[in-house]
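Please read through the structure below; I'll follow up with questions.
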Amino acid sequence: MKSFASDNYAGVLPEVMEALAKANSQHVRSYGADDITKRVVARFKEVFDADVDVYFVFNGTGANLLSISSATHSYNSILCADTSHIYNDESSAPETFTGCRFFPLKANDHGKLDIETISERLIRKGDVHYAQTAMLSITQATEYGTVYKPEEIKAISELTKEHGLYLHMDGSRFFNAVASLKCGLNDISGKAGVDILSLGGTKAGMMYGEAVVVFNKELSKHIGYKHKQIIQLASKTRFIAAQFEAMLQDELWRKTATHANKMAELLCQSLTPNRKIKITKPVQANALFAEIPRNWYEPLQEHSPFYVWKDSTHEVRFMCAWDTKEEEISNFVKAIEALP
Amino acid sequence: MKSFASDNYAGVLPEVMEALAKANSQHVRSYGADDITKRVVARFKEVFDADVDVYFVFNGTGANLLSISSATHSYNSILCADTSHIYNDESSAPETFTGCRFFPLKANDHGKLDIETISERLIRKGDVHYAQTAMLSITQATEYGTVYKPEEIKAISELTKEHGLYLHMDGSRFFNAVASLKCGLNDISGKAGVDILSLGGTKAGMMYGEAVVVFNKELSKHIGYKHKQIIQLASKTRFIAAQFEAMLQDELWRKTATHANKMAELLCQSLTPNRKIKITKPVQANALFAEIPRNWYEPLQEHSPFYVWKDSTHEVRFMCAWDTKEEEISNFVKAIEALP
Amino acid sequence: MKSFASDNYAGVLPEVMEALAKANSQHVRSYGADDITKRVVARFKEVFDADVDVYFVFNGTGANLLSISSATHSYNSILCADTSHIYNDESSAPETFTGCRFFPLKANDHGKLDIETISERLIRKGDVHYAQTAMLSITQATEYGTVYKPEEIKAISELTKEHGLYLHMDGSRFFNAVASLKCGLNDISGKAGVDILSLGGTKAGMMYGEAVVVFNKELSKHIGYKHKQIIQLASKTRFIAAQFEAMLQDELWRKTATHANKMAELLCQSLTPNRKIKITKPVQANALFAEIPRNWYEPLQEHSPFYVWKDSTHEVRFMCAWDTKEEEISNFVKAIEALP
Amino acid sequence: MKSFASDNYAGVLPEVMEALAKANSQHVRSYGADDITKRVVARFKEVFDADVDVYFVFNGTGANLLSISSATHSYNSILCADTSHIYNDESSAPETFTGCRFFPLKANDHGKLDIETISERLIRKGDVHYAQTAMLSITQATEYGTVYKPEEIKAISELTKEHGLYLHMDGSRFFNAVASLKCGLNDISGKAGVDILSLGGTKAGMMYGEAVVVFNKELSKHIGYKHKQIIQLASKTRFIAAQFEAMLQDELWRKTATHANKMAELLCQSLTPNRKIKITKPVQANALFAEIPRNWYEPLQEHSPFYVWKDSTHEVRFMCAWDTKEEEISNFVKAIEALP
């Protein structure tokens, strides 16, 4: 099966598999005290060109909640887009682990948060009856497959700093965003004012594992303890670290993310002429959103699974991965054209 | 480095590495809806000879807390040994995630819980001022490297049933226990009255991943939701399932666990004649506990790391793994004999 | 000072003070095992004409959270109006105590939830990635001083039942609603399909204390334990019970609530002719909402405090209490007319 | 009924009732912003002769958990006596609200914590696998009716400071302790190194209400927000403040606590000659602990309820209150002497 449902349907990059094999050589200290982990953390400092702290975790929800819990008390609230993964697809784990309130902000048509929208919710500071807002979480690339530009992030960051909020970036598809912008890793994270980043590995082609990257040292005080408490400290941490080492080697992530983005762009171009299809979002990363006839659902899902985003308007999401092939795109386009 | 510090210092079994490579072939559904996961769950039913439910998780704390949270409300308490991992080495994750009180029971000299000790704490049922006891958690093999016999577990299980408690088994070294007893997987779990089992994979030679095995269907109602909420549902679940498949193939787990146990026994026999060393616990699984002269700590740690269990009595733990070699044991023994 | 800021600025009804004095006669059992408490619980069954369970608590947030936690697991979500007290004015206590997600639904212009609005959020049942919706919470009288009619509640209740949700009513001003509708206590609670009710005492003229009234026996299983766990079980419970006894005696609550409602109506009528004022919500209970000139804030607050509801439109809330006097209304109206 | 079961079976001091009536005069600001509350907070500063912060709460568990949550993160642990109320009688509220682990320390025969016992548990600082100990909680007067001397508290306080722990005092019977020691309020709290105090009002003769008194300003940062979040901020706070004002007026608390203590002493002296009774703890506050024949339970409970402390040794607790009369003591003693 080749699917357009999610980039987490894909397998593991061959370079990552090799790195896992190579890391499997002997006894090493557990829980991240090993040399591989130390080496890869040092590598993060180089590629981010910043004195970051790095915590390896198992999955994306773990990365998000470690990031958020390192910056909040239980009487706090967090602002996030109403379209965000953390608001829609992580059960009540955010509340259960942090004790905090999560306030949804209406994302704009491109799935981003506008300055005005954020500003309107920066309210009631010091009012004990209101869960005090401590953090804003944005997603890069967004759930709509769009990408915040560096200056957009900077503007948001300045607003959050003015109001004493921390800025979190859910970067489960961060590599796709950087590849799309053709910039450096830090240009849309630390340098743009992000305090803490959930850096996605799994969807980028790893087997499992994400990294929490801390730019703001104020957030370093508790995070080591939270890392364990939140059930995200792997005993054999070396195997997560080694996967990231492979991703960072010669910017493998850029190659693969650029490819996935390109495949989404190709799919977009191939489908645009089709008058039964309406492309609904700009393609800036590895996703294509489109409204399609409802009677296509079944035959098309059988050909290649995809995700129904909004059933009321027949809007669906086609997601490309590191291993999506041009041929698969053209086959899929042909299958679509053959639909009645 | 070859270490006797912990079985989680060891790497991954070659058969498991092969299984990972083999599972990495194409797109499959995420979050456990794939065919590999389904196949391996079916395999669990066979090898346990029971209609068990199976949930794959990332790590041991995840397995323990998923097990416990599936059986408790936040006003409950859980009984566990004062020596248990869940009481000593999982930070406050048990409380944070379940909201429950954990009452420690004094383990006997062999690290087990006696019927009398448990009975004394079965108190205040129906008293709203007291966190109502809902579960007992025992560890198999214990933190002292000893093993509950089937009849011991049955006796404990009968007591818990009488009092309306669920019985949880923390089996991070469950395979070592089964290998030690030369019995079947179910003989000391479901058939012995265990309601839910944390089945360890990582220490047994996997890269990551454990399984929660549910014998009592009463616990199946909420566990699927808790699985996600507790941040333990892997998007690429197939890679945990595939590792377990390799472990179960021709009882690979028995071969490797038997070997680790044998190495601990060999170390015990080799050190017993040494009059400076006092073996403190019976060797029934893959650990050896011994009191050694304090001035040995430093030179011996340099040779091969080990864990100081109780500094006040100079009691240390030597842990063997699936990859411990006879030669490493004899080298270690020689190093010990060379100490002043 | 006489204030229109909130009904919790008012003191205690003389009948309630007398009841407190009378209850203070001798030693009685603590934690609600006393005869006064038992007698008043029996009285609740009479006045509600139903076999209700009753739990006395300290305050409104306590009543709401006891109600909600008795019906939910930590992986659940609760639907509530975006205008509701539980969403805006209880800090993150709802999340911290229940672990659940609270989803806000857009209230209509009258502060009520429409069937359509609720229906749209009854989604993703059985999807482990989504906090499973277990309850709907509505407020009666609403935060806008409006009142759900019995048939409106029944329609909502039928919808919740169809979808397996429990229906909670935040009745911090429940007596005002019943008085407004000139119906019986049960007509807009149990008989209308409410499963559990937070019945307000403090704002109605008690010193402290609210009651959780359980209509649906399914919710009785855990609530006794939750009552203590949520820090809401008073040792000297008799003094809360005695206050409610006074409130229920000869329907004292109806007399006082009718009076408060009437005062709000009088204020409304007196201000309606003033062309600088725009009444914004129908007056159905004891609150009046109006847009006033912004330069009135300061002089008017000095005369009698009130609450600015929505600064952007200069909408303010004037709240009447059991002790608001006609003369105070007319003085206030005169003060308003004297404003430039 | 006159009971020796608990001081919370008693009613309310007449002076407190008067103060409640007096406070019930007009509209005042809610949630503690009123003048009565401000006045009483200022009064606390005087009587404690220190710049304390004061937070009024509903009940003892609320006071304890507000105190603890103001000083802890969810990855922390708290040390407390295995006999303490917080460990035995507050359900799992401590864990649910704080997320922390509570480690029990063995109390000595007098119900106090020894320096050695505390020292042994000051372990594993900086170890992420262990819930980091942040606070020690002691009870004054203890659950055994004994009283820590100022120098004992100072010694404990010094130990906690050395190890970076905060010291909490559960003072639900704090007035009895001060009365017993004939010292000032601050001599066994702030001046002795206590960081935060749960000051009991209810058992001392109030209707409801306790105060959290903060000596260490480091704990002031979050406590205002926690106060609301923990459901302990009363809308009509004036009525708690007014009760405390009455208690503090001319040291009413000392008069009543001294009386209760004296009654316990009288009961002790009266029962000491009885050879069937063994007094088990020194009488230093308002409780008497004694072993009595088991067949006395029933007839004696019928005469005046008391509390069975430890059924295995027939140890019972007789508790005196502010309203216990000499005559009641002598009647009770006579009833005992009449027992077979």
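To keep things simple, chains are lettered A, B, C and D as they appear, and every chain counts its residues starting from 1.
In the analysis below, a contact is a pair of C-beta atoms (placed from the backbone, for glycine too) under 8 Å apart; a residue touches a chain by one contact, two chains touch by 3 or more.
All values reported here derive from a predicted model rather than from experimental measurement.
Among the other chains, B has the CA centre that is most remote from the centre of chain C. Counting C-beta pairs in contact across A-B and across A-C shows that the higher total falls to A-B.
Rounded to whole angstrom, the centroid-to-centroid distance between chain B and chain C, based on C-alpha atoms, equals 50 Å. Chain A and chain B have Cα centroids lying 33 Å from one another. One finds 42 Å separating the Cα centroids of chain A and chain C.
Shown for chain D are the residues that touch two or more other chains, namely 74-75, 90-92, 96, 99, 128-129, 131, 225, 228-229, 233.
Residues 31, 69, 73-75, 99, 128-129, 131-132, 222, 224-229, 233 of chain D touch chain A in their complex. Considering their complex, residues 74-77, 88-92, 94-96, 99-102, 104, 128-131 of chain A touch chain C.
Taken together, the chain B residues at the contact with chain A in this complex read 1-3, 5-6, 8-12, 17, 20-21, 23-30, 58-62, 65, 90-93, 96-97, 202-203, 207-208, 225, 228-236, 239, 305, 321, 323.
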